[in-house]
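Chain IDs A, B and C follow the sequence of writing; residue 1 opens each chain.
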Amino acid sequence: MPGPFTLGELAARFGGRVAGDSQTLIRQVGSLEHAGAGQITFLNSRKLERKLAQTRAAAVILAPENERLTGLPRIVAENPYAYFARVSQLFNPVVLQAPGVHPSAVVSSTASIGKGASVGAGCVVGDDVVIGDDSCLYPRVVIYPKCVLGKRVVVHAGVVIGADGFGIAREEGRGAGHWIKIPQIGGVRIGDDVEIGANTTIDRGALDDTVIEEGVKIDNQVQVGHNVRIGAHSAIAGCVGIAGSAVIGRHCTIGGAAMIHGHIAIADHVHVSAGTLISRSLPKAGTYTGIYPFEEHEAWKRNAARLRRLTKGKKNG
Amino acid sequence: MPGPFTLGELAARFGGRVAGDSQTLIRQVGSLEHAGAGQITFLNSRKLERKLAQTRAAAVILAPENERLTGLPRIVAENPYAYFARVSQLFNPVVLQAPGVHPSAVVSSTASIGKGASVGAGCVVGDDVVIGDDSCLYPRVVIYPKCVLGKRVVVHAGVVIGADGFGIAREEGRGAGHWIKIPQIGGVRIGDDVEIGANTTIDRGALDDTVIEEGVKIDNQVQVGHNVRIGAHSAIAGCVGIAGSAVIGRHCTIGGAAMIHGHIAIADHVHVSAGTLISRSLPKAGTYTGIYPFEEHEAWKRNAARLRRLTKGKKNG
Amino acid sequence: MPGPFTLGELAARFGGRVAGDSQTLIRQVGSLEHAGAGQITFLNSRKLERKLAQTRAAAVILAPENERLTGLPRIVAENPYAYFARVSQLFNPVVLQAPGVHPSAVVSSTASIGKGASVGAGCVVGDDVVIGDDSCLYPRVVIYPKCVLGKRVVVHAGVVIGADGFGIAREEGRGAGHWIKIPQIGGVRIGDDVEIGANTTIDRGALDDTVIEEGVKIDNQVQVGHNVRIGAHSAIAGCVGIAGSAVIGRHCTIGGAAMIHGHIAIADHVHVSAGTLISRSLPKAGTYTGIYPFEEHEAWKRNAARLRRLTKGKKNG
């Protein structure tokens, strides 16, 4: 494990300003609650002021406006969370799987695995797949044929990339009501530096490709439909569903369990709150929310009944 | 790859009427946006009129009422999307995995694998499982013991069929508050021509079987609880959850991320909108919706606060 | 298969009182709808009175207040569902996989597998993982390094434990808008007697561990973020998402597809209704609900439009 480093050494490396003893020796990072001797923590929000007062950390990273909330040795930085990330990476260099293909993986002879890339135990990599340099497939990832992953892409266990999209047409006349499958002849293209969480699924395109641009971060159990495009450096939290042919801009954030309708376009720098269903295009940056506020069950029952009668109430009103 | 075919040959095969040059040669299908020389596309909705005007496709499939929207060679058909599906299948015959059991699959000696069926890499097939002729398990599918799949069933990667349902009873008296497991002694029966999307889960029955009738199409990451029955030719979009013992009729469609409560019955030809939670039985065909309309965050905050006070407001009003 | 047993023998073993012929011979359990000769069923709710009248079961377990709803031989017990669970376990002893590590599993040489534990086909168990006695990993479970499972833990197929949490910080200045990864250096600790449903994901902690206390039951496709703590004997239904650092109390129940925001605390004995998003801490036991009531689509459209104008309406009012 690297280190230890003094606060002064950290500031020399990452910027920011030291307040208090710059010789304080740091060996590791820790949480406000559990950091102890030799550990540095961070304060991301003034709401945690009480926890800060109780921390036993050796030092704290915080913003200028919160500098006076503690007497501990500290690093004052504009973006404490990003600063903390860099410090944590210093003490905990990200170690992915060792490069190479695990003997239990099943990799097509026509797949191309980049230099330094790793393919974990039980992975299945189909024909004509391309995996860029230094990418990492954790165990049990399945990549269907003809999908292309960039460099330094990290794919967590259980992910499925390139399964058929949900393309079905309803039959009329003879056989009415039966479904006819639309062949899914597009692929999936994933840019550099994308990370994809466990058990997420990204479908191949129906006609054109499904595209995840560079730097996108996707959490666990996200479903990305066929022909979706996610713009560079957007972040998609867990349990989100993105229906077919939706186009999401760059630098967007989609909160957990939000749902995006198909065939809509979302501008750059849009933030969708957790649990919100977006049913039409959003041409303007901003934060969008649509959550039914929860209440104690009995109060909800009364309000929900009232809500159903809004229209009727108006007529009578 | 089959073809090429002229528009006239396509119409002779699939019906519809050609307008414009019936000798136009078609080699492949494509999207409105990206189709080029030798490619045929389709217009499914008048809303895409502008994209139609810009398409570089060689020909278009569209409905009679939209026939005049373009001067391109075209096939006029009542159901352009289904027509397109058939044309695409002609040019892109669905090729599943090669028949047979992949050497890395683990198949019980008491399982029965039908003629022409394939079991992909890393699949696990339990005791007494039956898989019908020409079915296809993509890689890493797990089928617990005693589940039965019909013919031509397609199961995408990561699907789990027949895991225990969530059957637990809360203990009282001694050990109060602990959960007692209800043994899940039913199985799963899946009809012919069902397709199941990646990472979907279908639980085995608690007492009776969980049943997916013929022709049902299920998208990715759907959760089907124990003892559910889904009627023939219904389609379930991604991220849907269907709780235990719900019965869904035939020819229903359930939109993405909708949730169906347990122990309710839904009639044939019901359509549930995406994101809607269905909390009671629906004895009548129709379309049902329950989505909190999203807004810009600040507007939502005001409205949500008002919503909570509906009851109180009435009292004061 | 054990048995048969008379009603009298069942009551001697599990308590309760027999009404009707105590010599009635029981060979198996069954549902109200499908139980037949030699089978015992149960009545959990008076709402099922009509089904009870039609059952062909040999006997019924029911509560004292429902005793007179049938003339069938019966066992009268305070908690019919829990009683039924015990009777079903008697006839259907839970048989997990045979102990031992399946030859196709990939288990690190530094992992510790307890006595009587089983590791199913295609599982991947990382370095320094500890799996307690008599635990069962069904096929294709992935456990990342340094996670610890207690005794008698049952993990269904496709589960991923210990993947990286979604910890990213947004860069400012140079490289603004890019995401910096926070190393996820915590682990996952899972208590005794926990059961985890198919394709569920439980992330490792960012700094401290993610903790699932003893006796917790988790259904399929649940997402548990980093640093979450779920208190003992809570039950989490399918498709639930629990965001990072949420703390859930003991003896809670979280209904299907509910979502819990990050960094909030939920008291013991809280019940969250299905489909409800909990966005702030709940310091008090009780039942909480927030579901937009569904309607026929046209009625919903009118009401949703009205809802959006609540604020405006007030101004005009």
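Observations on the model:
As a working rule, a contact is a pair of C-beta atoms (placed from the backbone, for glycine too) under 8 Å apart; a residue touches a chain by one contact, two chains touch by 3 or more.
The shown structure was predicted, so the numbers you read here are calculated from the model rather than taken from an experiment.
Chain contact topology: the protein chains form a complete graph, every chain touching every other one.
The rotation that brings the Cα trace of chain A onto that of chain B spans 120°, given to the nearest 5. Taking shared numbers over all numbers used, the chain A to chain C interface scores under half, which places it in the different class. Chain A and chain C have CA centres that are 25 Å apart. For chain B, the set of residues that touch two or more other chains comprises 104, 122, 140, 158, 199, 221, 239, 257, 291-293, 295, 307.
Note for the complex: chain A touches chain B at residues 104, 106, 122, 124, 140, 142, 144, 158, 160, 163-164, 166-172, 177-183, 185, 199, 201, 203, 206-208, 221, 223, 225, 227, 239, 241, 243, 257, 259, 261, 273, 276-279, 286-293, 295, 299, 302-303, 306-307. By the touch criterion given at the top, residues 29-31, 33-35, 78-79, 81-82, 84-86, 88-89, 91-94, 102, 104, 120-122, 138-140, 156-158, 195, 197-199, 215, 217, 219-221, 233, 235, 237-239, 250-251, 256-257, 274-275, 291-297, 300-301, 304-305, 307-308, 310-311, 314 of chain A touch chain C in their complex.
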